[in-house]
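What follows is a pair of complexes built around subunit A, which joins subunit B in one and subunit C in the other.
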Partner chain A sequence: MNESRYWIAERRGTLIAIAVFLAMFVIYIANHPVGLTANVAQTAANKGVLLAFVVVAQALVVITGGIDLSVGMVLVLTNCIASWIVVGTPMQTGLGVLGVLGSGILCGALNGAIVIYGRLQPIITTIATGAIFFGLALILRPYPGGSVNEDLADAMTGQIFGVVPTSLILLAGALLVLWVPFRGSPLGRGAFAAGSSEVAAYMSGVPIHRCKFAAYVLAGLFGSLGGLFLTFYTYTGEAAYASGDGYTLWSIAAVVLGGVSLYGGRGSAVGAVFGAFTARTIGDMLFVFDVDALWQPLLQGVFLVLAISIGAIALLRVRNRLDWFE
Partner chain B sequence: MSDFQQQDRPGFVEAFKRRFDPAVATAFACIIVLLLIGSFYSSNFLTATYLIQQMKVAAFLGIAASGVMLVILLGHIDLSIPWVLTAGAMMACAATGFGPVGTALAVPAGILTGALFGLFNGIGVAYLRIPAMIVTLSTNVVAQGLMVVYSGGFSPQDSASDAMRWLATGVLIPGVPNAILVWALVAVAISFLLGRTAFGRTLYGIGNNERAVYLSGIGTRRVVLLAFVLAGALSAFAGVLLAGYASKAAQSMGNAYLLPAIASVVLGGTSILGGKGSYLGTVAGVILITLLQSILSVMQMPEAGRQMIYGVVILAMLLAYGRGPRSV
Partner chain C sequence: MPLLTMEGISKRYGGVTALSGADLEVEAGSIHAILGENGAGKSTLIKVLSGVVPADEGRILLDGKEMHFASPAAANAAGVVCVFQELSLIPELSVADNIVISNPPMRFGMIDRAEQRRIAEAALARAGASDIHPRALVKDLPLSRRQMVEIAKALARNPRILILDEATSALTAADVGRIYDVLKRLRSEGLALLYISHRMNEIAELADRCTVFRNGHNVSSYDQGTRSDAEVIEMMIGREYSAAFPERAPVPADARPVLETRNLGWNGRLSDISFTLREGEVIGLGGLDGQGQRELLLALFGVLRGLEGDILVAGKPVNLTSPAAARSEAVGMALIPEDRKTEGLMLPMSVRQNLSFAALDRVTRAGVVDRRQEQQLIDEMVRLLAIKTGGLDLPVGALSGGNQQKVVIAKWLMRAPRIILLNDPTRGIDVGTKQEIYQLMRKLAAEGAAILFYSTDYDELIGCCDRVLVLYDGRIRSELAGEELTEHALVASAMNLDDSVAETTA
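Our next item is the complex of A and B:
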């Protein structure tokens, strides 16, 4: 095999995710009554980016071989925090943004500390911390309300030069500043190694605890970016249990669509982003094809089942039946 | 000869030591602590009436938790409880709309609905080898979608049949509500299944090492499938009883059961990685969670505080006795 084939084999999941998204988005736009205008792109981008932040957070934890069922609640909590503190003069707003991101980091660090140093299973840990985060959100916002610096919010959800959605730039910037350095650093490579085989990574001298902890912290940060963006998008804070639950569900689905292996060690944030865009396009397609609102939840579920069943095709390639039980 | 047998059979103390599980003991100790705390807040916390009332509430959770326990013993998980439970309740109530035959078949109809969703989970996990978390999450979405289509987005108007109400609220033996009896029956059945049948031993085996069990010539996929079917049926049965208790089904009745069901299994000492756990522990976990909820409501704790205390207590207890091995 020459270099380019290695390159493709390593990124197969990500490339498939991009292809699937492009195919679905083309169908969506072709059937859209208006077509691809700057405004349609802006709306699609805003919704997609919102989910994408949460999905990247989920992907970071999944890559270490864990799962984060609290990611939707981190979004809800940071949304409620942002609706209090991201207001006022540019200086105050800036400090507010830092505060929101800091609280996301704290959430991620709490999850990571309990899972890694407390040695509890990620599923049950994040269900429990999710309850705590939701409780905090309810204390902050018993009723929906609050506000946000609208100049900043409009800038972040608007367009640049009247064409490019700002939200896409924001997402790309976040990935460039956070994901790319992490992926290349010893910490990031260690997180992948720990997800692939924790024992082998440990034997090779990888500081697996530190690497996994960094991934959880970064996941919290991306979760809070999602919460911040939700506040920009809605101008309010709301402690809605169903919404947090829904984001958690779709983050897992989108991670799968984005080619990130749930067994850990494989995947990329870029794949996760396109998984998120695909998940959003599924919802939008139902709208464009004028499906009865009552049937939409069911059809979304059916799409979800079909999408995850695709992974089962790998079973056909298994040469030894014992490999079923990995 | 008799000497030989005497040596071979462990003494009572040894047998007790061997079966003694520190996690189950801690869970029961926590129950006693909760009862003491509760008695400070309200004088009738320790009365028989109140405790029986609590056991009745615990019965619904206990039945749902029994199903989850089977799946967790395999090393899998069932996140489809909320809407499978609701679907069971709604279908049972819907059956009563079909005259006397439907009314008679209401309870089986509800359970069958759950078993079908369980079958779907089982096929995905056992035969398609998709991670259980993903399969059951999407089953939950599909079940929700089906129920939204069925009910038009509102709570359905059909009410529970008399049999459902009797099972949930009737009193067959004076002083003991039927819901507790039903839970006791389920408990005996599950204990028998786990301890005395090949199916039960296989569950533990698969939880420890599915490859080894498969190489021993057991069709592990069928066992996994059956465990998911049972789990679905039990979730739906809990829904049927709840509908009988409230005399009708409601949209979000299942949401309050996912976290408690999993938490009570895990707090009862069952390893979430599978292969280890006893039903007695699950009973302890269910009572523990129910008492905790009851104390929080006696304290008139607002929803926010309830959620937080809930999360903190689960984490604290697991950190105390549910930590994983030092793997590397």
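Our next item is the complex of A and C:
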């Protein structure tokens, strides 16, 4: 096998995710009454980026071989916090943003500490911490309300040069500053290694605790970026239980769409982002086809199954049945 | 002064004493072999030395200084590096990622991928495995290639003491030769090598000094060549060593064919495989590892899709689409897999559950498992195979390697199979258990079972099989039987050489 085929093999999951998104998005735009205008792109990007932050957070935990059922509640909690503190003068607003991101880091650190040092299973740990995060959110915002620095919010959800959605730049920036260095560092490699085979990583002298902890902390940070962006998008804070759980479940579907292995050890944030965009497009698809609202959840489910099947198509070509179990 | 001294090392796991007062001295610039049956304490000794488990008592001295290794990383830092029998490679990462995993080269705070590539290529070359691409994912490599990566990875850490724990058990004959050269070069560079192997010929070829372990402590240390094989084996098992392979009676000419293949082919990895396996016959599969032996066994057991050619059972063509079909009453096939930990056993489940798993349908009455009948079958098997357990309800993962392998075999024997496929069943298990498996194979054959036996050990093939099919590049290169079945002929065929060439070069 030559170098370029290795290059493709290493990125297979991500490339499939991009292809699936493009296919879905083309169908969506082709049937859109207005077509691809700057405003349509802006709306699609804002909704996509919002989910993408949560999905990247989920992907970070899934790569270590875990799962984060609290990720939607981190979003809800940081949204409520932001609706109190991301206000006032530019200086105050800036400190408020740091406060929101810091609280996301704390959420991630709490999950990581319990899972790694307390040796509890991620699935049950994050159900419990998710309830805690929601409880805090509810105390902060018993009723929807609050506000946000509207200049900043409009800038972040608007357009640059009247064409490019700012939110895409924000997401790309976050990946460049956070994901790329993590992926290239020994910490990141250790997180992948721990997800692929924790025993082998330990035996190789990898500091697996530190590596996994870093992934959980980063996941918390991405969750709070989502919470912050939600506040920019809605101008308010709301402790919405159903919406938090919705984000959590869609984040799991989207990491799979993004080519991240639920068994751990394989995947990329870029794939996760396109998984999120695909998931959003599935949700929006039904508007352009003008489907009765009653039918929407059912059809969304059908579309989701179809989209995930595309990634699984390779299994039809399997000639050794043992490959099914890998 | 010896480079490494271990004094009075003891280790208990719960009530089981794995090591009691074990001593070991290893000189720099030498290869020191450690011998002993499974359960003799070799693995525990290695785990203590490489920082995987702490000793309860005793001291480890390196250059006369006392060391405390809290983790494998700490041992690595002191220059003690282990090539584990249970592979320490990370399947989803590339070969190069794995080789530098414990100490990646850094540049601007990130891993320097160009430098990493260079280190990996150098380490692979040093291990004599330049054929492995540094970007290949470990999970896509066959077992023998993974083992070479494991050795390259150890070398990349510049060890002072290199421990090889059954490091050659999965290797092909060609790789073993290259590894010998590598190990001898390392010895001349002044490294101390601790070499653990069940293969006596390897120890004869490599070791300068040997230490024999039995029941958790060292019973004897001697310079290689001063003890006969029989003496060494007696020290290891503490009893007289009987003839290595059981007697066998010739298969009667009128024995009925049980399994037949005609021009079997698959996906370019198998082609034109035709043979007939008769009642009471043991056919060996030889050749270098990875020449299609595993694929052939999987094809017969209904795992592969898109087969060409025909498979006949008892003279009738069959179309096996799953292991469930292959093991059915009508076919009666069993496969003892290569990797007992992943394909053979469910490690956290009890010995009892593992034993009866493949035969549950035989002890089920109206949808419910008949516990009494199950127990009866289990008792029979535990007796037949002399499985040593601390209790049937312990997790099977707690048994020694040899006893785990017995459980895998027993689980299939419960179905009383007529066709038994064995995929290298004696790899990495002790001499005593190997003996028992050989005896068992002959016994089953004598009772009428037809056995197809793949082994990487040439002695085993010669000693156990009525005929041997040597595979090369997915084809049957030659069939050897009777007088022609010699180590020379096996090696020559495996390397795809003419017999005459092998005779003159050997």
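The rule is simple: the second predicted complex is superposed on the first by the 304 of 326 C-alpha atoms of A that agree within 3 Å, B and C clash if a C-alpha of one lies under 4 Å from a C-alpha of the other, contacts with A are read in each partner's own complex, and residues count from 1 in each chain.
One rule holds for everything that comes next: a contact is a pair of C-beta atoms (placed from the backbone, for glycine too) under 8 Å apart; a residue touches a chain by one contact, two chains touch by 3 or more.
Because the structure is predicted, anything quoted here is derived from the model rather than measured.
Visitor: Mind working out whether A:Y202 is in touch with subunit B, subunit C, both or neither, as first, second, both or neither?
Guide: A:Y202 sits against subunit B and subunit C alike.
Visitor: Who does A:P181 touch here: subunit B (first), subunit C (second), both, or neither?
Guide: So A:P181 only meets subunit C here.
Visitor: Give one of first, second, both or neither to describe whether A:A193 is in contact with subunit B, with subunit C, with both, or with none.
Guide: second
Visitor: Name the chain, either subunit B or subunit C, that contacts more residues of subunit A.
Guide: The partner that reaches more residues of subunit A in the superposed model: B.
Visitor: Once the shared chain is lined up, is A:L322 touching subunit B (first), subunit C (second), both, or neither of them?
Guide: both
Visitor: Could you say whether A:V34 touches subunit B, subunit C, both of them, or neither, answering first, second, both or neither?
Guide: So A:V34 meets neither subunit B nor subunit C here.
Visitor: Kindly classify A:G265 by the partners it touches after superposition: subunit B alone (first), subunit C alone (second), both, or neither?
Guide: A:G265 sits against subunit C, while subunit B stays out of touch.
Visitor: Looking at the overlay, what does A:M91 touch: subunit B (first), subunit C (second), both, or neither?
Guide: neither
Visitor: Mind working out whether A:L120 is in touch with subunit B, subunit C, both or neither, as first, second, both or neither?
Guide: First partner only, subunit B.
Visitor: Indicate the residue numbers of subunit A shared between its subunit B interface and its subunit C interface, in ascending order.
Guide: 199, 202, 321-322
Visitor: Where on subunit C does subunit A make contact in their complex?
Guide: Going by the criterion above, the answer is residues 52, 71-73, 76, 84, 86-94, 97-98, 101-102, 104, 106, 109-111, 133, 135-137, 139, 153, 266-267, 295, 298, 302-306, 322, 343.
Visitor: In the complex, go through subunit B and note every residue touching subunit A.
Guide: 77, 124, 128-131, 133-135, 137-146, 148-149, 152-153, 210-211, 214-215, 220, 255, 259, 262-263, 266, 272-273, 302-312, 314-315, 318-319, 322-328
Visitor: Contact residues on subunit A for subunit C in the complex?
Guide: By the definition above, subunit A touches subunit C via 1, 3, 6, 9-10, 181, 184-186, 189, 192-193, 195-197, 199-207, 261, 264-266, 318-322, 326.
Visitor: Enumerate the contact residues on subunit A facing subunit B in the complex.
Guide: Listed in rising order, the residues of subunit A that touch subunit B are 67, 114, 118-121, 123-125, 127-132, 134-139, 142, 198-199, 202, 208, 241, 249, 252-253, 256, 262-263, 294-302, 304-305, 308-309, 311-312, 315, 321-322, 324-325.
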